[in-house]
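Have a look at this one before I ask anything.
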Amino acid sequence: RPRGAHAADLGDRAVLATWPNYHDVENFAIFQKETGVATQVNVFGSNEEMLAKLQAGGSGWDVFVPTNYTITTYVDADLIEPLDLSKLPNYDAAAFDARFADAGTVNGKLYAVPKNWGTTGMAWDSTKAKAPFTSWKEFFDLTMTDFSGRTMVHDYQLTTIGNALKYYGYSFNSVDPKELADAEKLLLQVKPHLFAISSDYQPSMRNGDAWMTMCWTGEGKQMNRDIPEIHFALGKEGGEIWSDYYAIPKNAPHREAAYALINFLIDPQVNAREATAHGFPVADSRVNALLPKEVLADPILYPAADLLNVQEFGAAATLTDPNRAELMARFKSA
Amino acid sequence: MRIYALAVYVFLYLPIGIIALFSFSAGRSASQMQGFSTQWYAKALSNPFVIDALKTSATVALISAILASVFGTMAALALSGMKGRVRVLFDALIYIAVMIPGIVIGIATLIALVTVFDAVNPWLEAATGWRLSMGHGSLIAAHVLFTMSLVIIIVRARIEGMDRALIEASSDLGAGPLATFWQVTLPMLAPAIMAGFLLSFTFSFDDFIIAFFVAGSETTLPIYIFSSIRRGVTPEINAIGTMVMGASLMLLVIAQLTLRRGKAPGH
Amino acid sequence: MAYAEGGETIAEFVDTTKRFGKVLAADRLNLKIGKGEFLSFLGPSGCGKTTALRMLAGFEPPTEGRILIDGQDIGAEPAHRRPVNMVFQHYALFPHMTVAENVGYGLRQRRPKLAKDDIAARVARALDTVRLGDFGPRRIWEMSGGQQQRVALARAIVNEPKILLLDEPMAALDAKLRGQMQMELLSLQRKLGITFILVTHDQQEALSMSDRICIMGKGRISQIGTPRELYDRPANRYVADFVGRANILPGTVIRNIGEHALVRLASNHDVVVEAPRPVSPGDKVDIAIRPEALRLGTAAEPGLPDITATVAHMTFLGEHVEYLLRHPDLGELQVMVPRQAERALPGVDVGTQLHVLWDQGNGLILGQD
Amino acid sequence: MTKARARWLLLGPAGLWYAALLVLPLAVVLVYSLGERAPAGGYAPALTLAQYANLGSRWTAFQNTLVLAPVGTLAALLIAYPLAYFLAVKSNPRWRTALLVLVIVPFWTSILIRSYAWIFLLGGRGIPALLADLGLGDIRLINTPFAVLVGIVYGYLPLMVFPIYVSLERLDKRLLEASSDLGAPPWRSFLQVTLPLSLPGVATGSMLVFILLMGEYLIPQMLGGGKVFFVGNALVDLFLQSRNWAFGSAMAVTLVAVMLVTVTLYMRFLSRIGAARDDVGLM
Amino acid sequence: MAYAEGGETIAEFVDTTKRFGKVLAADRLNLKIGKGEFLSFLGPSGCGKTTALRMLAGFEPPTEGRILIDGQDIGAEPAHRRPVNMVFQHYALFPHMTVAENVGYGLRQRRPKLAKDDIAARVARALDTVRLGDFGPRRIWEMSGGQQQRVALARAIVNEPKILLLDEPMAALDAKLRGQMQMELLSLQRKLGITFILVTHDQQEALSMSDRICIMGKGRISQIGTPRELYDRPANRYVADFVGRANILPGTVIRNIGEHALVRLASNHDVVVEAPRPVSPGDKVDIAIRPEALRLGTAAEPGLPDITATVAHMTFLGEHVEYLLRHPDLGELQVMVPRQAERALPGVDVGTQLHVLWDQGNGLILGQD
């Protein structure tokens, strides 16, 4: 294997900024055994947070896991560097579904390689619902009626505002002031009926305090697996589909180790173990080949194409748009 | 009265009990008891991130408590009996340092340090190949700011309550200033310094908000716990909490013993 | 072992002055302290006793003047290099050390270092001296007030200082213990032969213990002398009033009679009193007479002035009864009547008129303040 | 080495620390607060008071903080005082130290974990379930201002108990006898002697708790479900979510100013009623 | 205004006993206290003085027995309902109140409430009484020790209690101030006519102030009587030793002589002493003789036993010199020699043999302890 050759100049550690419960801890141990590099993991709650940390500087990260729509911003702000593919022998562009790999390339340069993808839908307790539902309109309407005091929305502008925009049939990514004003009106109207504004919805859903929530695929699957009454669905008018990537920030203190770590994590064997541990879909066909059939057939993780097609990838503008940020702040502090 | 006190103790210990109880759950949920097992302790102890975070926290807390105690005691010694503008200035700084919310200190320190580092780094890197970055150093620095101020306040109160005659007695018995300091002043201040040290350690060990901003790529235990709590909590967190509490208890007992030993009636 | 001119001097204040801002705490002190002497500084609160002691110990530099020890000006020596040791008012024992550690502290500061055994032996000896032989391992706060006082003493004498300074060492003890400790201190001093300088504001203590007493008032030395000198020949009103009690009466000198003088009181009675300083007829003087030097009688005695006064108050004091009498011209007169003598005054009560008997030669003309 | 030189040497590290980590950061925050948000978030240099003018948009956060901080302080005080009184006056001296230690022990466990335990306790399966079993119906506690209040009281109780305990402990029992001797029945003795004399402790404790509450972020975040919003939460959001650093800085400056004013006024008030005579230092 | 059998009684202890665990702090006290009397409890530390006072004030319930005030058993009354007030040892002034607020505290507790003006007027009057007229608005910590003592006094007397209890009110004052305050307290008591009960361990204080003194030892009352009774006729060795000083010598009764007895000392000298209790020839008795009742001479006097002893120590005390002599059979003898008498002993020093002169009739046979 070529990795061994690098071992001498890799240094002793790599810092990985990622999302919670998004890795198989075992893999890091193996990585350290092979290369002598210990992986230090920092976990974050939102892309905004990651961006803020990088903007403030001094983050000390070597690898981080941005979501598709944020990558152009990083490039524009000169916060990440193009990847040197010669150091990523395990990367095989052809193996990736283009839909989940595109965003990694900006201005013709590859800045990020895909990690996982997924959607953001809604999960609800079917015993509390009179009928199953599949639209953001129903989600918000029910919040103000049957589910009053029992609904959770993300503490995350992209999905919370985006899904509110969907209520009116606007684009998930809209930054149009008028459309945002409508979304704000809806959110403010809904707020008194919310159980919480939080991205940590699993405990409340599981113990029955909350009956309905915005929900990321993998976690929807986890809850559904443990408690079958909790259903997961995508909004039929649309919503978010996303893809996470590995990228290397500018001035990464351990650049060589960073490459080694990414290369290690996209090794199909390793990645398959990762996917088994966290449950999110992978865009790499080499990995899918290693996963059990029933996983790939799961309707929550791999929704039907027509449902998937109406979902939108997040747009770069939403990340930096001051109006969306302010709207979220006003919503939370109202 | 007694019943009231009992009720307050129940209030204080209910959550602790819950944490300890769930830490022995066999299930995956941190807020449900599903059978008994100690697997989460094993998990926590074998989780390199937990160990890493614990190490970072302990190191940072220890170093910042030591620095805070040393520098704080030094400053308290210099400030006691001092008058004039310098004294007023320091009083104001101590006062402000204790009063500013952690969030503000965290953010402000982050911005200030990054600005300084950015200015200094190119030059420094050219000269030495090293770069300044956020991490242990900045975390310790930010913690010491608050804890040192705490130490100054505690130690200064002790110095002011200390009998000057003891120092004179030492000098009278032939001990020079330095000898007096080591043999009399320092031992007399020891309980206060110890209290300051323990408070500093606790603060630093348990601080989340300052660390969140200035820790750079380091993960302290509270940061780890916070991250874990954000999504999908397992009883591992409870196990960690229970273990930390056990350790704290031990520290507390040690502290109690030290303080009692140094405490003389009338002092 | 009182100090005598020409005897060996161990320490000396020469025009020593100390100012704290505007406060003149010590005002041109001039004083020689003899080797092996027991000297007391006696004076009211705030008169500068402690200040004098602290200058000698080296805690306060004099503002002006010099301090000599063994003939050497020690103005520049810091406290830890002076051959004197102090017993502090509240003992200032180190609470974090045992009794033995406290006592050995001074020895441990010596350079070159003393051998451990040597220190232990000396500490043991010092503890024996103050009769605390078995208390070495005790903690300070396990000792009673009187015991602590003895530890402080041991801690000082173990260093064999040339001078031992004691700042009101018995002020915090209760009456019974106090008397006991005074006796012990005195015999210790006789035994060790070290010069003791004691600060006190208790005249009884100063009188009963000292070879010489230095009476201080407002930063100045008012008088120095043996207890008897001070009691019998107070130099001025201040001393007369502070050492023992005294009736102080104004009068006019009629004539000199050798070392005595005939003085006319405000009541026109003539009395013969001692005249330690030369006076001339017509001089206005103050006369001091001790309450126990006056007698009371139911009748005048021939040859004595007939001073009649009214009993205003009687205070029973055990051996004595203190009578307070009022005289229209002389004001209040204190007379101390021994119990035996009182039996000669039956039926006397407040309001009774009695004769105050002033024996020839009792009383004293005071110097100017 | 002269005394003055020694003094400067001793003060050196502290001085350096304050200069580098207090004065400098505060200066930076002050400068930032006059700037603007960069287009992609962060800070863009400018000289404008616009950020301060915009403070009104976070009025709710200020309002919540300025209401819940004093209310939380007061609640902590009301709960802590009787306990401190019990410990200092009524408890068996033999157990006193142990009981005191028991008050701090929870304080030594991460506030995060303890808050998490409260999430469970106040959540549907916790106390509300118990209450429902008792037939008290459907009561929701978690993610309400009440839950935040409980968290606050819980988190800061020891900080309040200790100074009050110390001042009550120090209280001369003979004063109570004197009061009784002068004809005051026990409860009036409490009001007229015990309470006033424990005010320094009350002052210190409430000051400490108040200061910490003004900057609180975690407890409202965890127990308020993101719906109870403090200035601290607003600040975190401004710096980490909307990345409007200029506005965040202006808000931080304002928070510090508000605290300085409140605390100063409080101290004034205390020294007026004589409570600050002792040591209303912070310990 | 001494208490006399048949006089008006204001308070009474009847078999009052107090136990703290195993400690018997008060052991069957029986005592009547007269209206307007100045009574002192005198005794060493820990003898139960404070306990007796605190039972009367209502801070401690008696374990057994009763306490009556004005003939009423007040066992069940809490402190705040008793018509007595206390001046505490360290004053226990309220530090958070001004002087005037402290003094008015008791008045403000009255129900129905007193008018503000009335309270202010009474407070002003009480402050005038203790000569602190202008100090009302001051803070307690701005007052000196002596002034605080007066505030404590004012705070108690303003309530016009039937009995005023004083627990060592002058213990914390220095000697000079103490004497002054004693005088003031006494004249205040005379003026107000309130019953004062003073606790002290200073015999001088008790002797000079009290109408009657109750001597306590180990929880028991040893003797009650006027100062003179106690001093002249101590009931037993304990009292003789505690009140004033005494030489206590064993002897054997030879024969009775009216109210006196001839007693043979260990040295085979025969002395005539008072015999307050009947004794028979051959009885072994203890004799107490006061140091001032003995005289010293350079020669024996006819008619007096010739006791020759060696001077061991002399202590100059101002009016007196205290001689400590040693006799081979009698042990140590204290003799108090007035200054005047000392002039008849020239050249006497430690080691000199002197004659101790014991006048007929001085000395007293003590009762059994």
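Each chain carries a letter (A, B, C, D and E) given by its place in the written order, and its residues are counted from 1.
Note that in this section a residue touches a chain if its C-beta (ideal position, glycine included) is under 8 Å from a C-beta of that chain, and two chains touch if they have at least 3 such contacts.
Chain labels with UniProt names: B, D = ABC transporter permease subunit; C, E = Spermidine/putrescine import ATP-binding protein PotA.
Model, not experiment: these values are computed from the prediction.
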item: Shortest contact path, subunit A to subunit D, counted in steps; value: 1
item: Comparison of D-E and B-D by number of C-beta pairs in contact, larger one; value: B-D
item: Centroid spacing, where centroids are CA-atom means, of subunit B and subunit E in whole angstrom; value: 59
item: Where subunit C and subunit E are represented by their mean Cα positions, the distance between them in whole Å; value: 27
item: Centre-to-centre distance between subunit D and subunit B (centres being mean Cα positions), rounded to whole Å; value: 18
item: Centroid spacing, where centroids are CA-atom means, of subunit B and subunit C in whole angstrom; value: 57
item: Contacts with two or more other chains, residues of subunit D listed in rising order; value: 119-120, 123, 125, 239
item: Junction residues of subunit A, two or more chains touched; value: 56, 203, 207
item: Subunit E residues counted as touching two or more neighbouring chains; value: none
item: Each pair of chains that touches, named by its two labels; value: A-B, A-D, B-C, B-D, C-E, D-E
item: Residues of subunit B defined as touching subunit C within the complex; value: 163, 165-166, 168-176, 179-180, 183-184, 187-188, 190, 262, 264-267
item: Subunit B contact footprint on subunit C (complex, rising order); value: 57-59, 78-81, 84-86, 88-90, 92-96, 105-106, 109-110, 139-141, 155-156, 159
item: Subunit E partner contacts - residues on subunit D that touch it in the complex; value: 172, 174-175, 177-185, 188, 192-193, 196-197, 199, 274, 277
item: Parts of subunit A lying in touch with subunit D, wherever the complex brings them together; value: 46, 48-49, 51-52, 55-56, 73, 76-77, 149, 152, 155, 157, 191, 194-198, 203-204, 207-209, 319-320, 322, 325-326, 328-330, 332-334
item: Residues of subunit D that touch subunit A when the two form their complex; value: 37, 39-42, 57-58, 60-61, 119-120, 123-125, 140, 142-143, 225-227, 229, 233-234, 237-244
